[in-house]
Amino acid sequence: MLEADNLECVRGERRLFAGVGFRLAAGELLFLQGRNGAGKTSLLRMLLGLLPPEQGEIRWHGEPIRALADDYRAALCYLGHLNAIKEELTPLENLLAAARLADEELAEDEALDALEQVGLAGREDLACKYLSQGQKRRVALARLVKEKRPLWILDEPFVALDAAAVEWLAKLISGHLQGGGLVVMTTHQPVNIPAGAVRELRLG
Amino acid sequence: MFKIILAVIGRDLKLALRRQADIVSALFFFVIVVSLFPLGVGPEPDLLRQLAPGVLWVAALLATMLSLPRLFADDFRDGTLEQLALAPHPLGLVVTGKVIAHWLVSGLPLALIAPVLGIQFDLSAEALAVLTLAILLGTPALSGIGAIGAALTLGLRGGGVLLSLLVLPLYIPVLIFGAGAVDATVSGLGGEGHLSLLIALTFAALGFAPWASAAALKIALE
Amino acid sequence: MKDRFNLYRFASPAVFYPLAGRMMPWFAAAAVIFGLAGLWLGMLVAPTDFQQGEGYRIIFIHVPASWMSMFIYLVMAFWAAIGLAFNTRLSGMMTAALAPTGALMAFLSLWTGAFWGKPMWGTWWVWDARLTSELILLFLYIGFLALTAAIDDVRRADKAGALLLLVGVVNVPIIYFSVKWWNTLHQGSSVNFAKSSMAETMLWGMLLMALCFWMYAIAVALARVRVIMLERERHTDWARAELARAGAEA
């Protein structure tokens, strides 16, 4: 479903990587590994279509993602190391606004349910600036609960989470894989994803 | 298409209302700059009447500049801008929504308070009406053109000063026609010609600027 | 690089660098020759203007500088469009190489305009439509230079600068006509530099000086683009070889 061929990345004057390629089918997970500065985040940004590769091509269902444009973006969900939540809005407002801006249907009770699953029940009407770092991260993760898009691209999703939350997220990711979804992610922590075929790609 | 524009406007207005201090301080900046001029040039009513359109317009340009750096910077810092760029619709539409929201909280209040300041400069009722109308019609162009500068300077050191350097020269036509409309009314020539050119500038800016800004945002997000 | 068409070959720095080096002396020599001829015609041969006296001779610098300042902006916008459309590295280097010369020309035009204005109008500065437009053009050049200088990553600097140039080039006519309109409305002095009753020798002098400025701009831009190329490509094999060769000669 997701294929990358012969990707080359140049940042500033340095060539971070070249000749990188992979194939990922439905239900598969791709772990991106490599030391700091090896170009993991740059590769993710290429897969998102934000950073045009110096060389090479990325295809989704056999079509170049540049040509698919909006159709490709409608198939992917991205969670970066930034939470993309607004401090002034409440968790509930954040979730609803994010869904509306991403052109997704999300009813209010679905959003409340998602917040309850990430352990934020009772805090849905408190402005996010009063939440702790870990709680803010959970607001960002709540987006994934009702996410129906097939391709998830996750940049360090386990950062700032406690052990219970790590386990919960690992389960959520395996559920997505079992449902035929694809996941590309980077992580520094060794995490056990119970289901799905795991591939690894080492950069640098 | 309108759904996404409305969604962006709704979100940005909600955020602006939770941070009213920003709107109010830009407005007071406008009031203070305009009030400084009589102190600088003296209180003769004839002179003030002549200066009023230019002074109010230059102050309006500066007040708009004040709020521009934050147009994309907050969304950029907290990662929301990436999510907006990844949403399955053209980024230009998102920027259109943000420009309209920016105008509603920056240009519109300026237009509403301008007649009060015009009275300080002893403008006639007719001139006041044209001045308000001109600021109302011209400020959307300021928000639109400013968005390009805000997107180009996103995340740069000294972004705010650089932004004014890039954007203020591009504001000159709006300044000329905006202040010219009032001058023409006062001198009895009628300001309709100026006002229709202002409308043309605003439509051109709103049609063209969001797409140029979107291209600049994509460069900043690479 | 796929060789889709030939432009790519010349757009490659390794090919363009030696080519620019070979062309540069010719343009520089042409600038000197045209300049000497133009100055001789303009300063010695052309008759004294019966209205403006000897002071008018500054137009032999002023008019070509104004022309070049506008022309260079258009050339930069052209390179910017090429750069954004085909993603060629050369175009960003060309705009970066041309910008200082363009800004210099705009500044020169304003400076000589002021020198001309003092004896003619009795004042250094008049809010004449042309002078005002030239001033705004200088602001646009400064904006471009400031923006590209503020961005550390050269790729982003090239792209952002190119976008700014395209926005600027769309705006330049609008700015020009609005300033012109503003000028007629306020009945400012609108003395024209170029009188229609120009003597033939004056016209020739001006054309020669324009050619001189043109050649100068090309020569300087080529010299500058060579330096920019070496700086940006210092990690590549051809640039290393070039630097080693230059080091051995010195």
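Labels for the chains are A, B and C, by order of writing; each one numbers its residues from 1.
We take it that a residue touches a chain if its C-beta (ideal position, glycine included) is under 8 Å from a C-beta of that chain, and two chains touch if they have at least 3 such contacts.
This one's a predicted model, so the numbers in the text were calculated from it and none came from an experiment.
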Task: Please categorise the chain-chain contact pattern as a line, ring, star, complete graph or other.
output: complete
- line: Of all chains shown, the one whose Cα mean is least distant from the combined Cα mean is B
Task: Select, from B-C and A-C, the pair of chains that is joined by more C-beta pairs in contact.
output: B-C
Statement: For the pair subunit A and subunit B, the C-alpha centroid-to-centroid distance in angstrom is 37
Query: If you average the CA atoms of subunit B and of subunit C, how many Å lie between those two points?
result: 32
Query: What whole-number Å value describes the gap between the mean CA coordinates of subunit A and subunit C?
result: 48
Statement: Contacts with two or more other chains occur in subunit B at residues 222
Residues of subunit C touching at least two other chains: 155
Statement: Multi-chain touching residues of subunit A, meaning two or more other chains, are 52
Query: Where on subunit C is subunit A touching in the complex?
result: 87, 152-155, 232, 234-235
- line: In the complex, subunit C touches subunit B at residues 136, 139-140, 142-143, 146-147, 150-151, 155-156, 159-160, 163-164, 166-168, 170-171, 174-175, 178-179, 181-182, 185
- request: Within their complex, state which residues of subunit A touch subunit B.
  value: 45, 48-52, 70-71, 73-74, 76, 78, 80-89, 93, 97-98, 100-103, 127
Message: For the complex, give me every residue of subunit B touching subunit C.
response: 148, 152-153, 156-159, 162, 165-166, 168-170, 172-173, 176-177, 180, 183-184, 201, 208, 212, 215-216, 219-220, 222
- line: Residue positions on subunit B within touch of subunit A in the complex are 3-4, 7-8, 11, 14-15, 18-19, 77-80, 82-90, 94, 218, 221-222
